[in-house]
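The structure under discussion appears below in the form of structure tokens.
Think of it as A, B, C and D in the order they're written, each chain with its own count starting at 1.
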């Protein structure tokens, strides 16, 4: 089993650089092989009528957590992009801390496929479940070392 | 076939009230039975590394467009919430205008199910396709007239 | 936490009755609260060109495993139906035994939401991942104790 | 806009060869650029308790219709495989004829992404809606003209 290539501080620094909007809101709590745990505090703009957290906010959290879980394994690849996602909203989240548990189920040369459970502080059971597919760009010529990485992943 | 219950100006006024963050960014272009067309201009916070529009931005647009397409048919129901969504990101959108075409495929008493195509100005073919399911809350006692509406919809 | 209402032999007997086609092909290995493990051997009709297992076969296995995981918790409810599903096919399964691990993430009065991982004997990592939503029908008159719960839903 | 590469009789012959189980059950009614219309009659094995058509049957129909819509545009490529799908079951189909309308929204070198609406004879409105992603295999050596295209992908 491969080991993560980024530490928590390295991930925080990278996200602040490439995602200046959402990145700094997410605090990575744990990075393990093919798993990542993060949390985020809601802000007023995240809320919907009735005081619940909006669907796009939960989607953005799941998407970002899965992006980080993939980056943790492959290294900095800012151009990695979501190609597809399915999300179920199961319980009403409360304003406050949201926790995302991401797991990578398949990491190929071109695709990363996995899922994320989102929990809300004080709510029993997950509030959302997302499955995500990310496309990993072909290595540009400047990443000469990537051939060996890719053969190890295949 | 039922007729829409909200006009474009009524929809704009309602969205500004219930979605002060995203609502005012969406301009409704057309409301027809079970169909709604809207557009939104991207802002810097919507962009990702490489200059493309982020997945959560496209998701938020699709989600909001479908919400409005449902509301147009059932009337103001702010508590209507997304229960599930699946989205495919197919082409790289460009900063600028995004257009969303929402169609309601099933409108039952408890659920609204349909899909949205998202287009980006200057890009041929849709940049994203989303299917969405919204849960429509049971009528509270204060909406005494809703019983007949519901029987008509079933 | 609730306990399962059906044992493995009860589940086998029930599936043979309500799903005479697929039911007898699935062998339930374990029933636990909100979890069910089952396996199925592929037959020639399940295979696609190239010798792999067809997508619809994997979908049918995931769907049936999740149906049983829900029934195990709520009891015999043959009319429970799938309302939505999303599935990712991640690795090429081999002919032979397929194993499905179903978990129920939310069991409400009207909906059961969860996911299933499918494994293929001799393949490392899951070959497919499905998320499923099942609609649970309102109780018929014979379940008099739940009538009041259900009237709130209508 | 590209033209289809397969006629209806060619499609029927090819499906009978590569999908001996499901292929002969589907009758292609129309092939147009990026669109295909097909129908299938249900058989007893497709039905569920209560007389409705099973989810896996609807999934298999949607999957097969989309496969044919893709093949119609790219030519015979039996190894083209589904990588992901999301399906919503919206209305109760009746035993009898099911009709599938497939449209290809994006046809790239490596992926085909689109959706399918399924209708049931005598039921107003679609009974199911599916979005599908198919992976198109790299060209074998016999397709020498596309080798250079594909080397860019590896």
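Going forward, a contact is a pair of C-beta atoms (placed from the backbone, for glycine too) under 8 Å apart; a residue touches a chain by one contact, two chains touch by 3 or more.
Remember, predicted model here, so these are calculated numbers, not experimental data.
Farthest from subunit C, judged by the mean position of CA atoms in each chain, is B. The best fit of Cα atoms from subunit B onto subunit C calls for a rotation angle of 175°, in steps of 5.
Measuring from the averaged C-alpha position of subunit B to that of subunit C gives a distance of 32 Å.
One inter-chain figure worth recording: subunit A and subunit B are separated by 25 Å, centre to centre, where each centre is the mean of the chain's CA atoms. Chain centres here are Cα averages; for subunit A and subunit C they lie 28 Å apart. Listed for subunit A are residues 83-84, 86, 88, 133, each touching two or more other chains. Contact residues of subunit D toward subunit A in the complex are 83-84, 86, 110-111, 133, 152-154.
Across the complex, subunit C is touched by residues 86, 88, 90-91, 105-106, 113, 115, 117, 125-126, 129, 131, 133 of subunit A. The residues of subunit C lying in touch with subunit D in their complex are 18-19, 21-22, 45, 48-50, 52, 54-56, 59-60, 63, 78-79, 81-89.
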